[in-house]
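Chain nomenclature is as follows: A, B and C, assigned in order of appearance, with residue numbering initiated at 1 for each chain independently.
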Amino acid sequence: MVADLLLNAIVSGIMLGGFYAAVSVGLAISFGMLDIGNLAHPAFVILGSFCVYVLNQHWGIDPILGAVLMTPFFFALGAALYEVYHFSFERRGEEGLRGLAFFFGILFITEVALILGFGVDYRFVQAPYIDVTWHIGDVDLAWRTLLPCLVALAMIGALQLFMSKTYIGRAILAVAQDSLALRLMSINPARVKLIAFALSIATASIAGALLIVIQPVEPSIGRDYIGRVFAIVVLGGMGSFPGMLAAALLLGVAESLTSTFYGPSWAPAVSFGILLLTLAFRPAGILGRT
Amino acid sequence: MRNRTFWLVTALVVIAVFAASRLVTNDYFFFAAYVVLQYVVLATAWNILGGYTGYINFGTAGFFAIGAYATVVLHQLWGPPIPLLILVGGILSGLVGLGMGVLTLRLKGVFFAIGTLALAIVVQTFVTNWDYVGGSRGVYVIRPAAAPFFGAYIHYLFFVMLVLAGLSVAIARSIEHSTLGFGLAAVRDDEQAAEAAGVPTLKLKLVATTLSGALMGMAGAPLPYYVTYLDPSSGFNLAYAVNAIAMPLVGGMTSWIGPLIGAIFLGVIQQAATVTISSSLNLLLVGAVLVFFVVAAPNGLIGLTFRRRGKAPATPGAAT
Amino acid sequence: MTEALLEVRGLGKRFGGFVALEDIALDVHRGERVGLIGPNGSGKSTLVNCLSGIQRHDAGSVRFDGRAFDGLPAYQRTRLGLARSFQLPKPFRSLTVVQNLHVPLLFTAKHRGGAMLSTAEIDARCEELLAMVSLQDKANARPRDLTQIEMRKLELARAMAAAPKLLIADEAMAGLSHSEVDDILALLVKLNQSGVTVILIEHIMRAVMSFSQRLVCLVAGKKIADGAPQDVVRNPDVERAYLGE
């Protein structure tokens, strides 16, 4: 019996981890590669959830399809946000802490705006696959967690290809390492960062859809994710996608095991605790970044 | 003005304000004023680490709630008087601040900031799972009906918070004009250069973190008696974190006056807004003000006034 | 032979897979004027960082004034008499010029035997230092109002405020005009004459040649030459490092 429980906890942990990776990939770009401490990233994920909820509620649009439709808007939103950030902070060289305070304010405003707009009730979406569960041996695979995990992996895979194969993608990787060299190649680093940051917010749209498929959403859930995503990005070695994925899976399994054997109310302590320990002992992450 | 004089003046101001308050008949004033004074303490405490040292703390709620929940525990055990509760809250929060500093202060400011957020949530999770203090259901604390000499208990709470506010402001100013404050300014301006100049940066940062945390814990200690019902979602409310940052930012981060002005300004606005509009809209306002000031007026209100007069903002400096 | 003021043995430093310094041995004696040269990326700045304590070395040992320095944090090394100036000036921007000097004066003075300096002593010392670098009339200015060379001078004055036994001047003259270079050079010579041992890290060869009693050359993290300046510059390895194969 316990073996059953354990196996299921691990499997759902892996699927949860895949989803966490989707939420974190945006931050892996903005914080890991661009050094922009975007504390508000989870708020955009929640915003994505609510957008998808509205599309689903009023027009019956499938959540994941809805997210894809919203992606251009989120991209534009990210671009606009970066412009403000760049103009106010990066230009003046004060990005570090004032930038953090800025995003913290944005996080807060977004959450409160959603409360004002939608109230504090939990919202959920309806889709044909949400209640389907496959049973393979002793393992239960619920579509509501399996599908987001698969979509997440697909999205991350696509981004990885984009980063390594396309001109812009490689420019983004380059700006992460050496923006001076980029400038010497007459590529404007600010433009590249703009695209990268906008991309990171665009991923939030998709992550939001995945979230609301997995569980009902209310505005303040974003806060639980701040620790998780930062833990995953730091543990994963900042800009590295493979590292981030590994960290996300690790965290997902750890939380799932904690939830199963100690209760779900302890789950936040797992991710934030891991974050603290990572910061204390290995800020370069598990795969190490020199 | 010498430090000793400032402490004396502060004490006189506290007494004067208290004396004036005896003339107020509407009890609601005391409830509102308590909150504003509480924010004076939180904003001033935050600024010791944020404005003077340059390290941003997002976990104000955690330190604040440690003080509040320490009171809950002690209240259920034997119910000591408030001054003792404040002392205990301060010591516990101070120790937590020290511990967190040891874990994260060797890293860049960004990682420290994220660490503070993590700490607040870890503490919140522990409290939520601790049935002795009510867990997620919360706990009721009976507020005594009256206090000797003060009359209604809320008058006593008001006085306590007034004293704490005066204390925190006086401490902040003392730091500003001390060698410690000078060292912190050097750390804030350029940590590597400070270290190369013989400043024990880690030690000073730990002092700042401990002191800041302790003051926040002291501000939280009387809270259970003020609200009479305490649960984790209100005790750890993000509003504390946002306000603790917004108030020094709005008022000005380089001197003790900034958090005081910011706390009074934003605190009064919020009290008025909560009554007239909704409390959510009021929070939206704070967030918007924070973003606006961070972007447009990073030196806060005192920065704006001094710039207009052509004078540089006051800097913490050793008395020479 | 008395112990050298600074004794470095087998010093090594890596960043992940990259070896920045390997097996560096160096002796600097009291009162010496040592020049340190090497192409960009040869490890000079890393060496300074490891000596001053901003970075921890991975291998080897550093002894200063008869005392082991390994593991000591940077601020303690400064208090014990080893000071450095930064290649890109790092002034305390919210403080005035004279306040910039107050910082090391307040934080190092009492650690070299004696009580905290009195206000009068601090003021006197600041005047001395400012006069030495000709910044007296800029005492109450902010760093942002200073010119490049004035900031370099402030940088040096701040390092000197710690009353060091050994000063490492890290490329203090980069980008300055001919006469400005002479100014800084004269300043460093004066410092040395007052008893301060100086290690000068520089690319400007005429300055290094005229200043140094001894020249050390680093290439790709290793020391390849150490001796009289005329000999070192004629060393074929040194020539190759600068002019290429």
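Just so we're on the same page, a contact is a pair of C-beta atoms (placed from the backbone, for glycine too) under 8 Å apart; a residue touches a chain by one contact, two chains touch by 3 or more.
Just so it is clear, the model here is predicted, and its values are computed rather than measured.
The chain with its C-alpha centre at the largest distance from the centre of subunit A is C.
Overall, the chain located most centrally, as judged by its C-alpha mean against the mean of all protein C-alpha atoms, is B. Measuring from the averaged C-alpha position of subunit A to that of subunit B gives a distance of 32 Å. Averaging Cα coordinates per chain places subunit B and subunit C 42 Å apart.
Taking each chain's centre as the average of its CA atoms, subunit A and subunit C sit 46 Å apart. On the side of subunit A, the complex with subunit B involves touching residues 37, 39, 84, 88, 94, 96-98, 100-102, 104-106, 108-109, 111-113, 115-116, 223-224, 226-227, 230-231, 234, 263, 265-266, 268-269, 272-273, 275-276, 279-280, 283.
Note for the complex: subunit C touches subunit B at residues 52-54, 73-76, 78-79, 83-84, 86, 90-96, 99, 102-104, 106-108, 111, 119, 122-123, 142, 158-159, 161-162. Against subunit A, in their complex, subunit B makes its touches with residues 54-56, 58, 103-104, 107-111, 113-115, 117-119, 121-122, 124-126, 128-129, 136, 238, 241-242, 245-246, 249, 278, 280-281, 283-284, 286-288, 290-291, 294-296, 298. Subunit B meets subunit C in the complex at residues 179, 182-183, 185-186, 188-190, 192-202, 254, 312, 315, 317-320.
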